[in-house]
Amino acid sequence: MERIIKRGFASDNNSGAHPAVLQAMADANAGHEIAYGDDYFTARAIEKIKEYFGSEIEVFFVFNGTGANVLSLKNITESFNSIICAETSHINEDECGAPEKFTGCKLLPVKTENGKLTIEKIKKHMYGIGFEHHSQPKVISITQVTELGTVYTIEEIRELSNYAHENDMYLHMDGARLSNAAVSLELGFKEFTADAGVDVLSFGLTKNGAVNAEAIIFFDKKLAENFKYYRKQGMQLGSKMRFMAVQFEALLSNDIWKKNAAHANRMAKLLSEKIAEIPQIKITQKVEANGVFAIVSAEIIPKLQKEFFFYMWDEHRSEVRWMTSFDTTEEDIEQFVALIKKLLDLT
Amino acid sequence: MERIIKRGFASDNNSGAHPAVLQAMADANAGHEIAYGDDYFTARAIEKIKEYFGSEIEVFFVFNGTGANVLSLKNITESFNSIICAETSHINEDECGAPEKFTGCKLLPVKTENGKLTIEKIKKHMYGIGFEHHSQPKVISITQVTELGTVYTIEEIRELSNYAHENDMYLHMDGARLSNAAVSLELGFKEFTADAGVDVLSFGLTKNGAVNAEAIIFFDKKLAENFKYYRKQGMQLGSKMRFMAVQFEALLSNDIWKKNAAHANRMAKLLSEKIAEIPQIKITQKVEANGVFAIVSAEIIPKLQKEFFFYMWDEHRSEVRWMTSFDTTEEDIEQFVALIKKLLDLT
Amino acid sequence: MERIIKRGFASDNNSGAHPAVLQAMADANAGHEIAYGDDYFTARAIEKIKEYFGSEIEVFFVFNGTGANVLSLKNITESFNSIICAETSHINEDECGAPEKFTGCKLLPVKTENGKLTIEKIKKHMYGIGFEHHSQPKVISITQVTELGTVYTIEEIRELSNYAHENDMYLHMDGARLSNAAVSLELGFKEFTADAGVDVLSFGLTKNGAVNAEAIIFFDKKLAENFKYYRKQGMQLGSKMRFMAVQFEALLSNDIWKKNAAHANRMAKLLSEKIAEIPQIKITQKVEANGVFAIVSAEIIPKLQKEFFFYMWDEHRSEVRWMTSFDTTEEDIEQFVALIKKLLDLT
Amino acid sequence: MERIIKRGFASDNNSGAHPAVLQAMADANAGHEIAYGDDYFTARAIEKIKEYFGSEIEVFFVFNGTGANVLSLKNITESFNSIICAETSHINEDECGAPEKFTGCKLLPVKTENGKLTIEKIKKHMYGIGFEHHSQPKVISITQVTELGTVYTIEEIRELSNYAHENDMYLHMDGARLSNAAVSLELGFKEFTADAGVDVLSFGLTKNGAVNAEAIIFFDKKLAENFKYYRKQGMQLGSKMRFMAVQFEALLSNDIWKKNAAHANRMAKLLSEKIAEIPQIKITQKVEANGVFAIVSAEIIPKLQKEFFFYMWDEHRSEVRWMTSFDTTEEDIEQFVALIKKLLDLT
């Protein structure tokens, strides 16, 4: 197997880490620290996160996004509950049934056009309440940025959280690309999470430039009461926690997270603008963050993938997904578009 | 919270990482790699591991030791099985019920004097075979180095694996400190794992100087057939896998793993020799790797812990556990012993 | 609370038991029998079942339909699998998430018009095969009679089983009303189960006139190898098994099952014919067994329910479900229809 | 397979049902009742149970003792909890891991001499509280009558419940033979359950003469809040509930339960007295209810079992278990003892 090195558009987690992240890990590598999170660096990282999300939160670091989502959900459900989510959501499509296995709950997938849940769509699943034969809806789970590259507005989130709370339910947000959403919305993290009624957040910085930096944030401390046990039982408690913690501190300092996300979003915008000029290609979703979805002639896709790796989104309709990253360059975009044009005989 | 820096004897995972590990991570940080393990660095790391364990293995990287143990066990059991282990084993005592939760199996803890299982002890649990009311024994799980700092000989392992296989069971080894065992036994990894009949191994290098490097190794490829799904569903599939992979390669190159383990073992030996000279302290286990267990006057323990952090092992009998690490120095030992003597009014 | 006694149209499990069932229980009540199924009566009942389904089967009695479905599915899946079923299926709608909880699998609900799966509908879920991020489809589960009162033809079942087997999957049939289907199809049980490629069957006679008589039948004995352990671990192993067994023998003797099912089906047909004459009511599903689905003016429903209890099927469209039973009489139908007409001012 | 009919000493669930039970089932078999427990007979049976246990309870009928135990435990635990029980307890030995599978909890088996837990024995497991690596003890589960035929006194139960409550834990009682205990203690059910601090009770009458009559009783109604969902998701909700309910009413009326239990206990006493006269046999446990445990020459056991079926308890020490039942006769005892004497050449 050869080393790739060349940047493609497969996923923002195909990129490496921001240099500041590795530097922070090296800087933390002296002497002993108590393992499992009871250390200086973890305390500092949590303080840094509180600067963004407010002090009345509980924060727990975990290994990956699936762990963050599944353990968030486990903590706020009983096994007889159901979890309402978009059919395209990561928890429904890309976690190999981890939520069902670990929570015992039923997932209720909702068909959407753009990856976003709406109250109207959710309502169709709101029946059988109190009826013991029926899984009881307890969580609305949304992804911000959605898996289709779209971004919930603050009002949309607020509507969903109000609806959830009126129905004795929780609102969970999968924020694997929360930084890209913040930049897209031009809002601070707190404004469209805690302040918009989100109860539990999976906060990921891995795709923003970390090695692996994922956290679960509870906006109501009481919700977190037993969480430490679930994290351990869920195999998500790291021993040398300092190395996870400093990644958060590094990216959340000096606006690195914001610069990274802004750049990735800008690259997606640039790509989409150039693609929009190609009549043979149809962009299928609003480009609100760092993903571009498009219908492309099936013939050219393999040739294109050979040079710039990316994934099919929907084989049936020849739809592809192009993700940009903090390290995508304008040259990458230009070369990619040039190749597309060449393959389409447009040059 | 203040930074500790000062080295103690709490655990080998209170230490940081070997510089070669962080260097390898930095070196891998260029360009894009396919996420989730289908990349150049992961392939290289697996090749490196095969140099030690033979080519007929399957290797999967996971996040932590609990993940390695639980997913190993899940893969070789049905939910109606039982798993025989030492009462003191990590899977029984220190994983918050993760094995039961994820596998559905019953753990059968066996009382031991030194952390080691024997056929005689195991046999007491070998009844009710074929009887549907009774959980069916399927795995013998041993820890090498044991949680009590002792090391199974190659003959002891072979006896257990023979017994397991004769009874249609598997032998799992929790090798969180496998390097320390290899050095202690003066054997290659393969000799006392694959060649001694181990079926599945949790192979950890985190305690040896990695940031987090844990792998599951199947010595029969057929056992691994479905494992990739369990890893994902078990929330243990990392995205930027290259950063886990290179840690293995770094430590397994240039004998760093061996130097680290040999040093840690030597420091434990040194500590135990100095402690043996103190009549008020009774060493309770053979010092075969990097842990020293001793009964110490309860009065001096808090004062000692204040300067050099470590854990109580058994409060009832005032037994402590002192772990040495790859970064423990002779001065650490000397100062520690000097303090003990001072607290015992021996100086 | 008062005793109802009066027969309604709520469900065939609101009826009591056929007298032959209670007589058989009384007849079995002498002396001791080995508990848990290793007894004379269980052996006899299994022989009786084999007369219908062939001798190359394995039969296990369980307590209820949910138990039969969930344990069937557990036995033929790994936790990373998915199970394709109709959105309206009992396993998806009416088991409070029991399949997810006990199997760990994901259910993939398919929207249907009439409760029946088709290959075309199933195909939309057949992707991501071999891709570890995605739950792997392993079972197609159909209900015969469907929850909408329709009946799969032998050809439809054969198509589905062929498709399942071609894709390394199993076909499970929830036969809570299998007798009604057999009568409707004018076929023997074996012809549209084993012979049509069904792998595992939940065979229920409770709705046919038993107290509680549910069995799981494996048509490939190898599939049943470990099942006894799952039954016990799944809390579905009865102690005084003889009392469950004799119910099967009683109903499967002297064609009682057939007479009961034929009668129930005939009553549904009669009801539907009389309802068809009422222009204000629209029958929404083919009446192929013992259920009638109809859209009825919301105004009259509560008044009607007061005299003859039944359930709403879909509140949104004012659709009701009327089930007939082995003990429904022509007078029940006549009085019921007369009341409907009266409430609609048709008399 | 031949019908046995002949009574043995294998288990009280090898017996059939008391005639009053079958009569009650026949009497309930008229007309329709709402399924799943919302019916006249279930309401009546619950009222009858309240006559014994007080009105401030919640009662749920389930199918079997394993279901009663497992769902009781599920309802009062989180998956990270542990459950302390005797090594010999049914939940630990005879439920094929059902508690672990459905609750996710760890069972902590305690070695006892007579099947009874004591605070002293429990205390050894009470450590690691608040430590996330360690399963958190939450339930003490005792069996009354124990699996060794002994009976907890009211003071012993009170001590355990006090200890449980002081440590923020619950006391669960597996009362599969509660009637035998009540007779043995000459106490009402309430006195040694609710009044002695038991929080949740598995109350079984199957062994007392029912077909299958098992209930879960919560003595604090708040504990039962979500229980109906767990019962359904746990596959333990019966449809034609009336037939389970009337069994309770039948046995709890006219002191049938008491007569049955008193008779069974008396037969065990008689047996033990006669056995005590045989010097070659050593009775190993106090005979406080309806079981006799004894060490018998291994040679005669198979011959004895051929005439009167019973089970080995401990093969290693040639210990047998002889259970008496409500239908055991004095002649059974006499013939059995005579045969023993004959086999031992004492006649």
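Per-chain numbering from 1; labels A, B, C and D assigned in written order.
Definition applied: contacts are C-beta pairs under 8 Å (C-beta built on N, C-alpha and C of every residue); 3 or more make two chains touch, one makes a residue touch a chain.
Predicted, not measured: the structure shown is a model, and the values here were computed from it.
A.B. asks: Counting one step per pair of touching chains, how few steps separate subunit A from subunit D?
C.D. replies: Step count on the best path from subunit A to subunit D: 1.
A.B. asks: Looking at chain pairs B-C and C-D, which one is connected by more C-beta pairs in contact?
C.D. replies: Answer by contact count: C-D.
A.B. asks: Which chain's centre, taken as the mean of its Cα atoms, is farthest from the centre of subunit C?
C.D. replies: Looking at centroid distances, B is the chain farthest away.
A.B. asks: Using the average of all C-alpha atoms in each chain as its centre, how far is it in Å between subunit B and subunit D?
C.D. replies: From the centre of subunit B to the centre of subunit D is 42 Å.
A.B. asks: Can you check how far apart subunit B and subunit C are, centre to centre, with Cα atoms defining each centre and the answer in Å?
C.D. replies: 51
A.B. asks: Based only on mean CA positions, could you tell me how far subunit C sits from subunit D in angstrom?
C.D. replies: Roughly 33 Å, centre to centre.
A.B. asks: If you look at subunit A, which of its residues touch at least two other chains?
C.D. replies: 79-80, 95-97, 101, 104, 132-133, 229, 232-233, 237
A.B. asks: Could you please specify the touching residues of subunit D with respect to subunit C in the complex?
C.D. replies: 1-8, 10-11, 13-17, 19, 22, 25-26, 28-35, 39-41, 43-44, 63-67, 70-71, 95-98, 101-102, 206, 211-212, 229, 232-240, 242-243, 309, 325, 327
A.B. asks: Name, in rising order, each residue of subunit D that touches subunit B in their complex.
C.D. replies: Touch list, subunit D to subunit B: 79-82, 93-97, 100-101, 104-107, 109, 127, 132-135, 315.
A.B. asks: Would you mind writing out the residues of subunit D in touch with subunit A in their complex?
C.D. replies: Checking each residue of subunit D against subunit A gives 36, 78-80, 104, 132-133, 136, 226, 228-233, 237.
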